[in-house]
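Please find the structures below.
Next come two complexes built around chain A: one with chain B, the other with chain C.
For the complex of A and B:
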């Protein structure tokens, strides 16, 4: 329906009524739980009985905990590494997909997209077997190519484990952002590229000076989605390391789950959940700000 | 035209899917305010075993009616929901439970039990979720660390008032069975098992190959044996601590009792003056960090099952784990390895007060009864709990390869599996001490102690730092 077709108030009322249904649903499943979470974060509640209002003491205790800062650091590290890795590699692949000489594009696209449809917990377990020190694929490969000296205990070494767990996450979601960016590229009019070719632009120059600026909004969406998604990272880490050794690979979402369901401290769990939300909003806002300016 | 029609169909399908998902959300939240909240959930999650049991109870109904009431209370009526982690095809505890439960239901066809099953790994989380949703069932399993939460909120009723009123029932438990379900001087729960949280399991053939004559009596001997085993190319002690609980709960907990005693732990748990930073506890942490060099290097990235695999494949000479591992060995260990597998107590440390008999052990989990259960339902529930924790259950439990909290008065120990018989003899000599993560608040017991022990054995945390970290968390939770 086009806006110009709305001729009277009755039609308008009908449209608003239709919009109201999903809006009420959204408020019920998103806004209401959020408000409840904020309320619980200001209480001491073990999950049973009446919550006791304690003001900001959960937040104070959380901010004073060294574990909180460690898991926040882990989460932000994964957020940066995964965003750069996923969207960066996806962008390069999307550019390569525009090459005329590239054959079997559909096949490449399907293969790269395939991990996206797998459950994160499955990906975690698959990569746990790859990293296994006894029968893992990675160490077997290193042995086969004569680089046994590179063999490490990939998920036990506290110095490298956080980088190791980021690899499966990056690997899994490259395909998703590749598809989004490719759809952005396909929307660029062919005439623009043809004009550039006549002017002597090469493949690289076309990508940097034409494709990139014209898919800037798609790229921004990808980065926001990826950064926001990584802030909630949970399944991969549970399957790979369960947050260990110690808390070396524990994320904020795992920390929140631990307090809520393992310790039964719902007040603190809610405070951590609200913190995750605030951090995700801040990161999204910062990306909007930085990338918006770049576009201008 | 065709495309337009397809789009319309797709739009209708999507709208229907959205409406259905909304309806699904509505249903799930409704029972929270219901007077019988767990009813729907219970029906949805009843285990196949329960189905079987109920079917059996239906078919056996006529014959059961004809029989007179047995010790488990025939002729009862009532209904209650029962939240548990006993697998229908499990071994040991689960098998003995279902044998006793099925027998009870056959004898009491008018008792309707709604079994709600969740596997033991996720049980605590599911219980917390039910608790927060005000959907607790009538009977559930809980560790001692959650007792204060339930008791202070009047969510449970003391079990001792009913058990002590029945002299036969009261005398049917082994000494110390109620230690893990006692809070504020009241015994709130009904125990069903008594198992050691730590037992040494070793391959005698590998020991002999390395020139070791039997299980070590002292810690020094154990260290010397580990050196010999390591020199022979084996992993001396297998460890699978990916899930963080094994190193702390099943090994370090008992090792700590070589340095500290029950009185010290009681003082620590009740803010009586003992601290994690006390010299003896720090010495225990230091000693444990030293033994970690004999664990497999990937100790923090493999789990318990992978640890067992190291032992099955003769890559490791021994491991320490809870008594449940004895049953696992009997069920899954290759025949040649099982035939040379034996068990031993964790050796004492010379110069320290603890003995080799001091072992973290106990009931761990207990059945708790909702404060809302009353009348015939409560009577039926009590009879059921008696049947699945004492009497024939205890005798059967031994045959299934585990020690129950009930006295096994009529068990034939000559028919026990040889490996379990070895453990059974050792268990009789043990001095049972509290299990840390069953008593301490979860933030300490299953939180900081687990995470820090993982770092301790990895060598990335000093004993002093771990002690200080544990103490500060404990003080925040007193």
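For the complex of A and C:
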């Protein structure tokens, strides 16, 4: 281990100072607000004056509002669809990337990963252009292939809009999970595959029975990251639809923003924020539980 | 027959991925070439290539729509944040990796646990805190948040990189009488350059693209960053599509350039950050 001894008390004091100053700062910015927001969620507060303690009434009001259930449903729907879409597609691509038949691997890798580094808000606006009914790329494409009867009001139709907004989100992050899974696959020792080949395993069987179990941990990380990331989805939706039509594409994070800054109801906003946090932790815990057990 | 089968397999493997790749690259290419069209050209056909390159939209974005201010603010936030992240995470990463002291595991544990917390749940309390401190709508409203946000990943990256460097150099230096800060900054820091550049790039990208905190903490026109400016563009200039496209292109071009130059470093950083996240 590359460890050094602390030579004397003076040095010890110096090290403590250098570690604790940034650490206390970090706790003040990132951890303390978390605790304080739990307190605010139990109060009635308009942002000015003194918060008035009201117990759990914010939470009961929240649970009784149908809007809350609608946005929770939207968020969970996006969470499931995006997780299945992103990690599923990424997994298939990561498998295909191991095949010798595939040409232009470096190009594919670089290109599929690029959207990951784009600003989510930019992705949202670009896709709004793609979906636009008058001059949108999607409609232009459908007209070009002679299926203009498929043309819809992609972002104005209540029934399909939630599915439509999930596409850009899936599209943007396929690359990230592809890279994580590919690095998982590349860490598998080559001998394992050679043994399997001697035993007569073919490409498809190799993927299912050897690669998949060996990258289980990477897959778990992907799913947790993805589900947790989609729970706080915000930027994409602001740019694409701003929650509309009605509340058809509003997420929990947008609902929280709306209550806090548009209605000025800080107590309720904090209650929603705490709910997002609890849901995200519950989901990642559940994934860990389910996937951890199946590992061996 | 066998040959036909092989061709078919090749086709089956290559074509779907090629299709996905094209859908990934096409919107970006389209964004870039559409931004140099005129509105008239765009209205005729949104897909066709521009007749000639027309930089008017870019000029307009700067002269009429304050894009220069937005760009300056984004750059200012990014550069100050990344300098701070660089120094603080290097010092923390170095000390956590080299020395064992009481409380080290607590510091480590809190930093790693914080990576799991969806930080957007913190927006409301952070807003309240900044309001109390009078920090809203200030050049330094966002930087403290961004620094804290980026710390865990950066510390983690630096810490694991330093673990792989032998202590011999530092021991030699301290025998020669070099102080701890001196050893840290003049001996180890240059060795860590590869990982530090990963940290710089990741921090830059995150800060450049960040939207929710900026939206909440900044409302003054002259302090807005590019992502915020884009929302303003859509509401203000909703009739000129090419102007909006030029603004979107300008938000993307710096990221694109950095991506092309530092592709490997970005991959490395994203992976390390994600795998431990």
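Note that the second predicted complex is superposed on the first by the 269 of 296 C-alpha atoms of A that agree within 3 Å, B and C clash if a C-alpha of one lies under 4 Å from a C-alpha of the other, contacts with A are read in each partner's own complex, and residues count from 1 in each chain.
In the analysis below, contacts are C-beta pairs under 8 Å (C-beta built on N, C-alpha and C of every residue); 3 or more make two chains touch, one makes a residue touch a chain.
Fair warning: this is a prediction, and the values are worked out from it, not measured in the lab.
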Check your understanding: After lining up the shared chain so the two structures overlap, which partner does A:156 touch, if you call chain B first and chain C second: first, second, both or neither?
Key -> first
Practice item. Would you sort A:241 into first (chain B), second (chain C), both or neither based on which partner it touches? Key: first
Review point. Does the superposition put A:258 against chain B (first), chain C (second), both, or neither?
Key: first
Exercise for review: Considering only the touch criterion stated at the top, classify A:68 as touching first (chain B), second (chain C), both, or neither.
Suggested key: neither
Review point. After lining up the shared chain so the two structures overlap, which partner does A:232 touch, if you call chain B first and chain C second: first, second, both or neither?
Key: second
Practice item. Using the superposition described at the top, determine whether chain B or chain C touches more residues of chain A. Key: C
Check your understanding: Touch check for A:173: first (chain B), second (chain C), both, or neither?
Key -> neither
Review point. Regarding the shared-chain residue A:95, is it in contact with chain B (first), chain C (second), both, or neither?
Key: neither
Exercise for review: Please identify the positions on chain A that touch both chain B and chain C, taking each partner from its own complex.
Suggested key: 22, 25, 29, 47, 260-261, 266
Practice item. Could you please specify the touching residues of chain A with respect to chain B in the complex? Key: 22, 25, 28-29, 46-49, 61, 128, 131-134, 153-156, 158, 241-248, 258, 260-266
Revision key, fill the gap. Interface with chain C, chain A side, in the complex: residues 2-4, 6-7, 11-12, 14-16, 18-19, 22-23, 25-27, 29-34, 36-37, 40, 47, 89, 93, 96, 99, 101-104, 107-108, 110-122, 125-127, 129-130, 135-137, 140, 171, 174-176, 179-180, 183, 218, 221, 225, 228, 231-232, 234-235, 238-239, 253, 256-257, 260-261, 266, 269-270, 273-274, 276-277, 280-281, 284
Check your understanding: Mind pulling up the chain C residues that touch chain A in the complex?
Key -> 9-10, 13-14, 16-18, 20-21, 23-25, 27-28, 30-31, 42-43, 45-47, 88, 91-92, 95-101, 104, 107, 110-111, 114, 116-129, 131, 144-145, 148-149, 151, 162-167, 170-171, 174, 180, 205, 208-209, 211-212, 215-216, 226-227, 230-231, 234, 241, 244-245, 248, 251-252, 255-256, 258-259, 263, 266-267, 270-271, 274-275, 277
Point to revise | chain A-touching residues of chain B, taken from the complex the two chains share | key: 18, 22, 25, 124-125, 128-129, 131-132, 136, 146, 149-150, 152-153, 155, 241-244, 297-302, 441-443, 446-447, 451-452, 454-455, 458, 460-461, 476
